[in-house]
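Letters A, B, C and D mark the chains as written, and numbering starts fresh at 1 in each.
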Amino acid sequence: MRIGVLTAGGDCPGLNAVIRSVVHRALTGHDDEVIGFEDGFKGLLDGRYRKLDLDAVSGILARGGTILGSARLERDRLREACDNAKDFSREHGIDVLIPIGGEGTLTAARMLADAGLPVVGVPKTIDNDISSTDRTFGFDTAVGVATEAIDRLKTTAESHQRVMVVEVMGRHAGWIALESGMAGGAHGICLPEREFDVNDLVRMVEERFSRGKKFAVICVAEGAHPAPGTMDYKKGAIDRYGHERFSGIGNALAVELERRLGKEARPVILGHVQRGGTPTAYDRVLATRFGWHAVEAAHRGEFGKMTALRGTDVTMVPLAEAVTELKRVPADRMREAESVF
Amino acid sequence: MRIGVLTAGGDCPGLNAVIRSVVHRALTGHDDEVIGFEDGFKGLLDGRYRKLDLDAVSGILARGGTILGSARLERDRLREACDNAKDFSREHGIDVLIPIGGEGTLTAARMLADAGLPVVGVPKTIDNDISSTDRTFGFDTAVGVATEAIDRLKTTAESHQRVMVVEVMGRHAGWIALESGMAGGAHGICLPEREFDVNDLVRMVEERFSRGKKFAVICVAEGAHPAPGTMDYKKGAIDRYGHERFSGIGNALAVELERRLGKEARPVILGHVQRGGTPTAYDRVLATRFGWHAVEAAHRGEFGKMTALRGTDVTMVPLAEAVTELKRVPADRMREAESVF
Amino acid sequence: MRIGVLTAGGDCPGLNAVIRSVVHRALTGHDDEVIGFEDGFKGLLDGRYRKLDLDAVSGILARGGTILGSARLERDRLREACDNAKDFSREHGIDVLIPIGGEGTLTAARMLADAGLPVVGVPKTIDNDISSTDRTFGFDTAVGVATEAIDRLKTTAESHQRVMVVEVMGRHAGWIALESGMAGGAHGICLPEREFDVNDLVRMVEERFSRGKKFAVICVAEGAHPAPGTMDYKKGAIDRYGHERFSGIGNALAVELERRLGKEARPVILGHVQRGGTPTAYDRVLATRFGWHAVEAAHRGEFGKMTALRGTDVTMVPLAEAVTELKRVPADRMREAESVF
Amino acid sequence: MRIGVLTAGGDCPGLNAVIRSVVHRALTGHDDEVIGFEDGFKGLLDGRYRKLDLDAVSGILARGGTILGSARLERDRLREACDNAKDFSREHGIDVLIPIGGEGTLTAARMLADAGLPVVGVPKTIDNDISSTDRTFGFDTAVGVATEAIDRLKTTAESHQRVMVVEVMGRHAGWIALESGMAGGAHGICLPEREFDVNDLVRMVEERFSRGKKFAVICVAEGAHPAPGTMDYKKGAIDRYGHERFSGIGNALAVELERRLGKEARPVILGHVQRGGTPTAYDRVLATRFGWHAVEAAHRGEFGKMTALRGTDVTMVPLAEAVTELKRVPADRMREAESVF
């Protein structure tokens, strides 16, 4: 079998572990050949690829990033890809394509599959917001990085009687904020799934100060939004550089809390450190398992599906099922977090 | 409600996170009182306990160990405990006991429950070998510590053309060896679940050297055992200090490999560093959730059960079901690991 | 001897290690008594202090922050302190005051010493910019945190062909940027000590892309400043929230580079994570040594001095000498860094 | 200029950082050529080397081990090397050799220099025991690994009322034990520089237990030795596998303490994890500076010397001076550590 593999979308610790696992399983478990397309779907369209043997994936298990590169694909070129889907197999001589990516990539993968290309997807997102799989690799690393930051900020906040607002990734789903907030022992957690009332946060901080705990750490997802009327904040607002991104909810909330509380409040925007670097052991294991099972599924001819973790098992689920809606933090998971503030 | 909590058995990162979570949920979610028994069941028998309020559990989320202490209970005293089980509720005025512990503790918990004490258990083991729960807290931390060690040993092995044998914990189940071996990219993994043939390891190392990879790392669980006749090793053997524990499989295997390969082989016995210190974010979240659900179960009157992770949910399972047999690494999980050697 | 100790100024990993060391040395090496003033000089003025015995400092060696709290002192109150300096000894019955702090604190310490209070200072700053000492504790931790961030950002930058701009602490001295930039292998380092020409950075990035290295990481101190006319940036500029601090050089430089290069550039502002949390081993050792020597100096009657690292020795230097000018990165240290871009 | 570089002796985090720095400085600061000999002096003798350009050293700054490999050289072959020293320059066309290594390597370097080969040495040892330099790279990483282990063991020891004996590296000098013991807050530290009396340790532990601190951690260098008559221990003793190395002082001391104290004592032998893996920021900076200065010294014609850290400066010292005697822990450094037990 000749397998094509590519990585697309934002960076995510564990991508290299999947690539390595696909190559190892294909070459040592079967007698396959593996080629890697460069820069995501662009490499597929442009025919830019290289052969991947054991040496090519040596030493990459613990390395962040992706040795194949990644890039976003414009909508037009995706359509072009779908029109030529059937030809790819012939052109590059591949029997199956294993795209590793997030929601956008998996949607593209599904369209390619529908258009006739044998595809086995591997889900990837640090946001953990893909339906049909219990967890995605990269998420554990992101939560670990955010938790370590909260750990560090807590001692500073306590010594200096401050409020710290930590903004973590999560535009549409608040998994990173939820888990790093719980793990770091944040005193408030704001998620995109539910508008927060800034008055609740003010009350919580004041209550803490009144009982002698003269500090607080609040963990806020970048996509969290205040309830209308509770705070002046427009997500789409543009800063003086003409960029929205430096004026997110973290900064705004710190300013608002400082104003209302009359106490020092400092924002920390974690940003891209959450999606780079060495993956945790958990993510390496999950990524390795996903790669293994993707190759096995290919050999069983289970196309149009993606790998998924269900409990302790890795199974295959239809791509169609996986990308219909985002996996959001349910109300009962929020409740679990609330009691430890 | 008045809740008694205790920690028993070996150390495990996340114990303090459970205690903290129980106290927070009980005090802020309900209007409960919580007392903590000292040194496990001994404190229960001797009536040594202290009241746990929010201040008592402040700052312990990320701390290893247990603020309540832990100790093993002799068989006789356990019988004594069972005989007096019903009296404990009256004596200490507790409505429920939440013991946090491993297989032995949960068995004791079950006996106490059978004897009439309202009990809600919380499973704990770095070995991840308790049936009925997908994972236990502490395991992720242990795997993380072992993986970091393997990462470090790999570069040394490679630079100096050596074989490194890393012995990790796992007397009866090989989960730590399996996952840290996969995450660290070990070239051989030996588990208690299946006797290993030292000839296979020799062949693997020689094959690696012959294709220019002049090093190898082998990850071996302390309970792994060579197939009879393949290597001289008696688990029960006594070293010159009269102690078995310094002459485990890690040392023996390194000696054997060095002898057969004619290459330097070095053992590293990780030991107790795997079960101490700051828990990972994953373990803190799981421990916090277990504590939360234990309190909720107590309020619902679900006694004789323990918390368990099933997929992404924390549910309650009968203690009886949980402790009947150890959860061992199944054959298909071993297969997943084998292709990446 | 009765020793008073206090911590003042911004947070710095290792403060607790100094406190612990002072207490241990004073109590076990001598037969002293130690009291700790709360919230820096405020506690001294308000007479808020508590006795510190071995139990009070148990378990704090590796903990960030300061168990004594810290606060800034207004100029007026400092004058008040100096006016009453001699009375403090009598009032609180202290024979010596050991203030642990940065430039401001040590200047205050010197004024108190001049006013007649027996003082032995301990220098503290993550910025490493205090003259007369080779290094200060806290610096190594800050560099470690920044380096880990750069490590993570590098893999992301590489996979996604991006420029990453990391802003680290350092308002007046660029030590953190210099060492984390060198340790992380940043491709450009901008320090407060020398205006940078944004054209140089543009050229460097373009040169890298042209030889196939399609990414770059630039490490910039918060106090770095572009050469006039090379880039539109006013340090004092106010953002739409009325706050200067969210519009620092890191954000501005990323915007500028993206505009000029026509490539994605992303800023990451590390902020307060650099000054909190567990100190590195290096910082714990240095802090412990400083505490030890401060007590010894007090017993020798060497007042008006502070501890300092010179080579491998801890010695005492006059406070007057230490606070006259900031220790800035010299030109030859910059040159060492430049060749590895 | 044509520069030859090689790495010899045991593994040490930072070796790759030196190699990278030499190449960067030589190629971008000057117009040099660099070749790397494989497997230490063996490559020099056998003429095995490869050209090192910027690509060859890309991405290795943070990687443990050495891309050039390392090996011990037999005495005979060293003599052979010295006899041919002058020819090497001609044969391989090198103008200078930069050997990176420990005491043995530097002695060999000195002999080669005496025999007429232009040599600039770079000192390397995790043990920090080379005279003439304040610190060596690799040491900080080793101390960091050991400290993290002690941190972890402390919480376990405390929860389970145990004595933990941690054996760290250091055959002839106790720097790692001293600094990791201080940083980890060990309650006893045993160094090769001074025989320890096991009775002192017993007393210390008993005193701790008696005042309610029912645990202790003892940090012992592998080369530490009990005072004659205080404990049965022969360093050269052979275990049942015919190997001395599994029966070191750590195991023996744990057994002895358990016997005398009647309390659980557990040994942890850290071993090779201390000398592998990613170097700390400190070590990367020092290694990078050493590489830079070695190239500069070569261009100034300062042969027969090695790089050395003195205070904050990197200077050049004669090889002859550096290798005459080991740098041992002086008495005053031991005293500093003793008060914090």
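Here is the rule we go by: contacts are C-beta pairs under 8 Å (C-beta built on N, C-alpha and C of every residue); 3 or more make two chains touch, one makes a residue touch a chain.
The chain lineup, named per UniProt: A, B, C, D = ATP-dependent 6-phosphofructokinase.
Fair warning: this is a prediction, and the values are worked out from it, not measured in the lab.
Here A-B and A-C were compared by C-beta pairs in contact; the pair with more is A-C.
In terms of the distance between Cα centroids, chain D is separated most widely from A. Between the CA-based centres of chain A and chain D the separation comes to 40 Å, rounded to the whole angstrom. Between the CA-based centres of chain A and chain B the separation comes to 29 Å, rounded to the whole angstrom.
As a whole-number value, the distance joining the C-alpha centres of chain A and chain C reads 34 Å. Residue positions of chain A touching 2 or more other chains: 151. Pairwise chain contacts present here: A-B, A-C, B-D, C-D [touch as defined].
On chain D, the positions that touch chain C within their shared complex are 20-21, 24-25, 28-29, 58, 61-62, 134-135, 140, 143-144, 146-147, 151, 179-180, 182-185, 213, 280-282, 284-285, 288-289, 292-293, 310-312, 336, 339-341. Residues of chain D that touch chain B in their complex: 7, 10-11, 15, 63-66, 69-71, 145, 148-149, 151-161, 164, 237, 239-243, 246-247, 251-252, 255, 266-269, 271-273, 275-278.
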